[in-house]
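A, B, C, D, E and F label the chains in the order they appear, each numbered from 1.
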Amino acid sequence: MFGPDVTFLGVERCDLGQPDTFKGADAIIIGAPYDAGATYRGGARFGPKMIRTTDYLPHDSSRPHLALRVDPLKDLRVLDAGDVEMPGMEQRLPLDNLENAVRVATEAGAIPIILGGDHTITWPDVTGVARVVGWGRVSVIHFDAHADTGDVQWGSLIGHGLPMRRLIESGACRGDRFLQIGLRGYWPEPPTLKWMAEQGMRSFEMHEVVQRGLDAVMEEAFEIATDDCDGVFVSVDVDVVDPGTAPGTGTPEPGGLTGRQLLDTVRRIAIDLPVVGIDVVEVSPPYDTAEITAFLANRVVLEMLSGILYRRGGGTWDSIPKTLLEDRL
Amino acid sequence: MFGPDVTFLGVERCDLGQPDTFKGADAIIIGAPYDAGATYRGGARFGPKMIRTTDYLPHDSSRPHLALRVDPLKDLRVLDAGDVEMPGMEQRLPLDNLENAVRVATEAGAIPIILGGDHTITWPDVTGVARVVGWGRVSVIHFDAHADTGDVQWGSLIGHGLPMRRLIESGACRGDRFLQIGLRGYWPEPPTLKWMAEQGMRSFEMHEVVQRGLDAVMEEAFEIATDDCDGVFVSVDVDVVDPGTAPGTGTPEPGGLTGRQLLDTVRRIAIDLPVVGIDVVEVSPPYDTAEITAFLANRVVLEMLSGILYRRGGGTWDSIPKTLLEDRL
Amino acid sequence: MFGPDVTFLGVERCDLGQPDTFKGADAIIIGAPYDAGATYRGGARFGPKMIRTTDYLPHDSSRPHLALRVDPLKDLRVLDAGDVEMPGMEQRLPLDNLENAVRVATEAGAIPIILGGDHTITWPDVTGVARVVGWGRVSVIHFDAHADTGDVQWGSLIGHGLPMRRLIESGACRGDRFLQIGLRGYWPEPPTLKWMAEQGMRSFEMHEVVQRGLDAVMEEAFEIATDDCDGVFVSVDVDVVDPGTAPGTGTPEPGGLTGRQLLDTVRRIAIDLPVVGIDVVEVSPPYDTAEITAFLANRVVLEMLSGILYRRGGGTWDSIPKTLLEDRL
Amino acid sequence: MFGPDVTFLGVERCDLGQPDTFKGADAIIIGAPYDAGATYRGGARFGPKMIRTTDYLPHDSSRPHLALRVDPLKDLRVLDAGDVEMPGMEQRLPLDNLENAVRVATEAGAIPIILGGDHTITWPDVTGVARVVGWGRVSVIHFDAHADTGDVQWGSLIGHGLPMRRLIESGACRGDRFLQIGLRGYWPEPPTLKWMAEQGMRSFEMHEVVQRGLDAVMEEAFEIATDDCDGVFVSVDVDVVDPGTAPGTGTPEPGGLTGRQLLDTVRRIAIDLPVVGIDVVEVSPPYDTAEITAFLANRVVLEMLSGILYRRGGGTWDSIPKTLLEDRL
Amino acid sequence: MFGPDVTFLGVERCDLGQPDTFKGADAIIIGAPYDAGATYRGGARFGPKMIRTTDYLPHDSSRPHLALRVDPLKDLRVLDAGDVEMPGMEQRLPLDNLENAVRVATEAGAIPIILGGDHTITWPDVTGVARVVGWGRVSVIHFDAHADTGDVQWGSLIGHGLPMRRLIESGACRGDRFLQIGLRGYWPEPPTLKWMAEQGMRSFEMHEVVQRGLDAVMEEAFEIATDDCDGVFVSVDVDVVDPGTAPGTGTPEPGGLTGRQLLDTVRRIAIDLPVVGIDVVEVSPPYDTAEITAFLANRVVLEMLSGILYRRGGGTWDSIPKTLLEDRL
Amino acid sequence: MFGPDVTFLGVERCDLGQPDTFKGADAIIIGAPYDAGATYRGGARFGPKMIRTTDYLPHDSSRPHLALRVDPLKDLRVLDAGDVEMPGMEQRLPLDNLENAVRVATEAGAIPIILGGDHTITWPDVTGVARVVGWGRVSVIHFDAHADTGDVQWGSLIGHGLPMRRLIESGACRGDRFLQIGLRGYWPEPPTLKWMAEQGMRSFEMHEVVQRGLDAVMEEAFEIATDDCDGVFVSVDVDVVDPGTAPGTGTPEPGGLTGRQLLDTVRRIAIDLPVVGIDVVEVSPPYDTAEITAFLANRVVLEMLSGILYRRGGGTWDSIPKTLLEDRL
């Protein structure tokens, strides 16, 4: 919607209105330039543009992954469907547009990768996937500083603090298959926490992450996520990372993960779990510095695509060679 | 809505729900933290906060105007009603909330001064005033780089490129009493220009402003504005000023007025015309540098308040003493 | 002193000149907008304003702590006394003003929380507390990249590199109950180090912190701090954190703690030790990016207030539930 | 060369290696991402990318000019040939590549519009045009704070302070048909000024511009430029504008034109003179704020294209309607 | 005091404690890194460093003035005495240090050029000059948005809003030979204006400057300044320029002069009046963007030095050649 | 080449053309302001200036290291030879100039410390050292996100992605004594990896660093580096650190080391290995925020100098006192 019509690092375009343009796609990038749901700083409308284009290498649809030795933009069929039209003032309409796009992509057998936009979009994102994969059959791994399980925001049911409640309420996904990693801070209030507990949500606050270690936490999450579900949706709010290193976001909460931790963890998820959808949200370019947050978000997409390809080749997290050059040539 | 609850430079608060809190007000500041109508950069939601607070002097509700020798915050009863709740995603609702607030303030005999927010808000602003002053009896002087007379934006009738058309269509104000100053650039297309001409709008493009001089242009505008109307609404889009000197805005168009020109002109309007409402819009703090755009917008408000007070004391533009100290003590 | 008159996240105001306004206070916020003592970058004068207001949640005097499940702004009586008038050029005068304010707050039984300002203010801060709690009876835990134990700065005894020496010289606190965490870099010279050793100071340079681990270091510090002292003053110079993640400070020294480490550590201190005073200093907003350093400093205050409340309810660091939702509802 | 492959505001692409792709072009945009010639700040390599894409309107290859009532992107055949490969370290090679591209475009009957890049590129730009239009038959109107007539820079004949000397030395254009507008500051030294005078150059320093007025100066320039020449090349160094309003440039010299003056003047040139080539140089995005300098440079291109189209329709500067709406519908 | 020890654009150093190092100096640069007097944003302590070094040309002690054809750094003996030690917290001490330095330079027959620092320094600057040139025999031309004639600031007689009153009170200069250009805004209050009028001050508010034109205003000022006085001190507060183009300052007031106007005017003063001292103040680098304000301040110094040299060669404002190249070689 | 002529934190100057000026030097700082080899963002030309001057302490040629208790600027003879003239457009010439300077410094028995500039300079840096220490007798420890072993860049053999291949091809250093730490991302492609493996390079990708721990990795590197070599050259590309904390660089790749890790590691290398040359590259000030990247690079130099001095006093990494004050006085 904003700026020149470009694709994610130069991958081929497709048109979700024309099925032949995305036949056989492994993954379809969808831009969701929506920030009407933000309760504080906006700017995430420029997230899709910046996540697509922020890189120093040529936009040539090739990214050989150094550690995994796969090239996801070459060896997966990754297409970019452009931005969904999302007029923020029109209530449910922009969200319905997005849900529809995600559904179409999923029906085609592709993994939809939605570039936000504020976190409101996870509501239509997971809904669109669940309509295809199975209502209540998709688990969610949700990286965030915030639980996003509020009920009402300024009198509205739409907002970036509410999508996880909407999803669980609707049954699109089960509360007890909803994993949250990186929560912290001073929100929400007890009634919302009570609601979350009642749903059986498993939320890893940073205190737990620090005390037990991120690896232990993720292993527990992995078990839950794959128990009686048919696929995992991964939602990455970039504010899960410490805002000291990822300032370009709307509601920064100090004390988060490092960028390295996030990249390793999403790579591992992509390798070890059956991912059926991804969104990367809350990148707010006007608050970024030297595009470092956009770079990080771009790499979250690349790490997951690389992991997916590596998994398809039979790889597992433990099979990643520890040494770069010597033992593989 | 965002940040601490502060008033414009420390003036007294009022509550539009409680008539006794604003009895006898000369002017009422109303915050309109709305940027869901922006077609490009957002951020104007923080306009009210920054226009209220950006100053280096104490927030003590006193501002002795150096050139006019009046103190509008002391000698006018200026109150601040805080922000109207404006959830951007809820279509007409936030605009209706604002229109209602403006209407209440106007009914109380005060001049409403609305701090935007994107330019969408001029639709409810002028409507609210016209409901009290008289439907079609308010002329508008509109400073802007853009005509804002578009018809539809992403399928919606709401948006910061459309409010002037909505206003004229509704009859709230007459097209032939609608004055636009500072237009330039590459928008709109011919059909919209045709519609504007049919309404009898008088729009001063920068070419005309430069060739004839701003003074001549304003004199012509003054005559039209006071012809068979009962009051003037002044809408100042900060992008009328050259973005080289006012970068904190959403849709910057090079080649505008200087800050000095804008301040002089709004002062003059306030002194020489019967102002019944004011809005200052499109200040987008995330794109500002050293708050220079917010400073300018704050001064637009102060200049107009000072002019209004000066006018009430019988002053005219020509009666302003040219020399600061000697002939007045 | 600068900008609108606001309180820390909307807590109630008090006036230190009027005892009834702060009767029964648990903690009193005091702004110390002083940066005349800075040897390099200034700007800390805007620290109080930014630490008070930098947040994305409503300024509603409520902050439910996610991990501890307490709400310090609701369940403690936290008041804000506004800024002390501190004309930087007037030598001891501004510091005396501050010392007096801190003393008054402490006498009332409240924990003073002073928002700096440069580190010079710790001199009056600890002095004011010690006058009430007991001369030489307050230990100090001091987070900083720098020892701040210099003797003279540009011929003056006042300065942000000197306060710790002033405090120990005066006897307000004992050198051998002065704990420093996070030191590093290329200062001071040997004579000052010698003086520090003679006072029995225990200073944990980053090499020690890295080699032994922050936990081990803090445990040693906890023992010393509570040995024959009646309370602990916590002084947090935000430059203890790596400037790569907290750039908004005056004398940044690479190689510091992470924000997560700082937040965990001050939370733990507040839970496990008898805190009698706090200051948070050296936040310099003009050098900050996207307010990330101000966010961090705001959270240091919230973490400590939350810890204090948690401690009052009988909690200990080890009693913090490791799991967010399941075992507490 | 840098970032995604986009065209100027969405115009059609062409390939200078394939003549059929640019047959019938009226103007061809050529990117020259070269900043190896900069003597101080670099960054102009990102000029082409930003000049092409910096706008808030859709990149839809349409820009209806408000004052002139023409749409240059629709009614002229404007193509974009992408960036010339310009490896800065390879001496003359990148300049030869550019000269060749300009020559090819000119031979095809199109006006080449080169987006710099530092000012070094004007050497190949004008040379490429002169090879087609006629050696010594092209006059140059050069907007700049600097004369760029130095002889040697760090021992090299290549550099952004030297191109005008190279051009005149080679005979590509005549010194006495070389017009410079906006010079100021403290360079060059007397021998270079002497050389310039000997060539018969006519350089309008800002003192002259201010004292005589820009209009008078331009009228004199117009006469010289059209005397015994077959076309005019217009070279716009964005630093001709005051850096207070156009900070994104490498060698900013205070005291320049306003943006409004530059836009009016280039529009007038395009309407009243036979333009055969254009370059816009020295936009350095890393030093820009809120993209205001890139916006200005984008508008320089649009104003000139609009003027060229207006001229083709028989328009003259004096025929521009002074009033926007009334007298044309 | 801050950063590496450098001189103004590479001129020779001198030591005010060693008379032989500055014998025969025409002008002596003195750094005054003092910002303890600022009432709002600080940062002017870095003014001297940035004004000395902000340029893109080599720091080679040569600056051939393009319009005047003189080289002030080569043909005047300009020395740089480095920074005066000014510990801001020590009340009068730093100001006394500065006054002494200025006096020494003036006694040696040099024109002192003091680089601020905040405007407090004009008190010692003019005092130091008046002690040599004659008590009450120096007129002052003062460029500023603010009158700086306040009486007391936070209980102190020291501050950047007060120096002009201090100077007139002491008799160092006469109120009726005190010219102020560029005032505007909402300060001071009537009693201070009354005091100013009683002193016979002549203050040109921007309204007068705009209505009469800057030239007319300056001509009137010139007459007063040279009436029964022995020399003119020129004090340039960079905030006289519109903050839209000079954002790097502490108390920005919209609606000021253009940079071009300031440069022309100080050049003219230096050519047409007997300048005996200069200061350039209130450059605050942390608020600057791309160093544009520091560039401007650097040029103010160069324009005045160039004008002084041009005057010594018998030049007058009217003798400046209007044409750059043709009539002088 | 750019800005005032300053030395690294005030150390004495020397002139590589005059042997007596650097007789007995322990280390010689050499500026390499070259960024013509950058494939994306430039700006590293200002690296030498910023690395030399970015500090808050006086530039007094003294830096007492807090943890090691040595003062490298006082107790080592560290000189600064200024910048090598490096006109970027002149192909090999600037690199030859640099190689020559490095060779001269090494021949004099000093350790050359080259401040870049982009990474191209490591080619001449190591070559210059190897010509003296022994062709193929220098091992390299290379911190970087990128392998920099490309073959050709835009048709050129010169570029910041290629120097390591040039060095190994020439035999200046052996591929199997080339250690790379911190690699990550999506480059290079398989053929280049194959070439690297064939050379016997040992490259530690971040996956290995994280899985095995940095200490284990460095111990392996130390063994290789000292096996049959006569000295170690250390090349630090600042982008080895996570760009979230070191944004001021040209090709930022998320997921790197922390600043603390880098400082500890280079300190350890300097203490435990025979360092014969150092370069610190890819600091790009225009993309930095609050100079945090320049601070870090400055500290890399100080840590290595301190380590070198500590080693000369017989110290080892394990001999560093873990406790700051108590056991050493």
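Points worth noting:
In the analysis below, a residue touches a chain if its C-beta (ideal position, glycine included) is under 8 Å from a C-beta of that chain, and two chains touch if they have at least 3 such contacts.
All values reported here derive from a predicted model rather than from experimental measurement.
The chains that touch chain C as well as chain D are A, B, E, F.
Using the average of C-alpha coordinates as each chain's centre, D ends up farthest from chain C.
Set side by side, the interfaces A-B and C-F show unequal numbers of C-beta pairs in contact, with more at C-F.
At the chain D-chain F interface, residue numbers used by both copies make up over half of all numbers present, so the two copies contact each other through mostly the same positions. For chain F, the chain whose average C-alpha position is most distant is B. Chain E and chain F have centres, each the mean of its CA atoms, that are 44 Å apart. In this assembly, the C-alpha centroid of chain B lies 57 Å from the C-alpha centroid of chain F. In whole angstrom, the spacing between the mean C-alpha positions of chain C and chain E is 41. Averaged C-alpha coordinates give centres for chain A and chain C that are 38 Å from one another. Across the assembly, chain D contributes 40-41, 242, 244-245, 258, 287, 289 as residues in contact with two or more other chains.
Applying the touch criterion to all chain pairs gives A-B, A-C, A-D, A-F, B-C, B-D, B-E, C-E, C-F, D-E, D-F, E-F.
Against chain C, in their complex, chain E makes its touches with residues 1-2, 35-37, 40-43, 45-46, 85, 87-91, 93, 153-156, 158-159, 286-287.
Interface residues of chain B, counted against chain C in their complex, comprise 3-7, 10, 52-53, 59. Chain B meets chain D in the complex at residues 39-41, 183-190, 193-194, 196-198, 201-208, 210-212, 242-245, 247-248, 250-256, 258, 287-289. Residues of chain F touching chain C in their complex: 56-57, 62-67, 69, 241-242, 244-246, 258-260, 263-264, 289-292, 295-296, 299, 302, 320, 322-326, 328-329.
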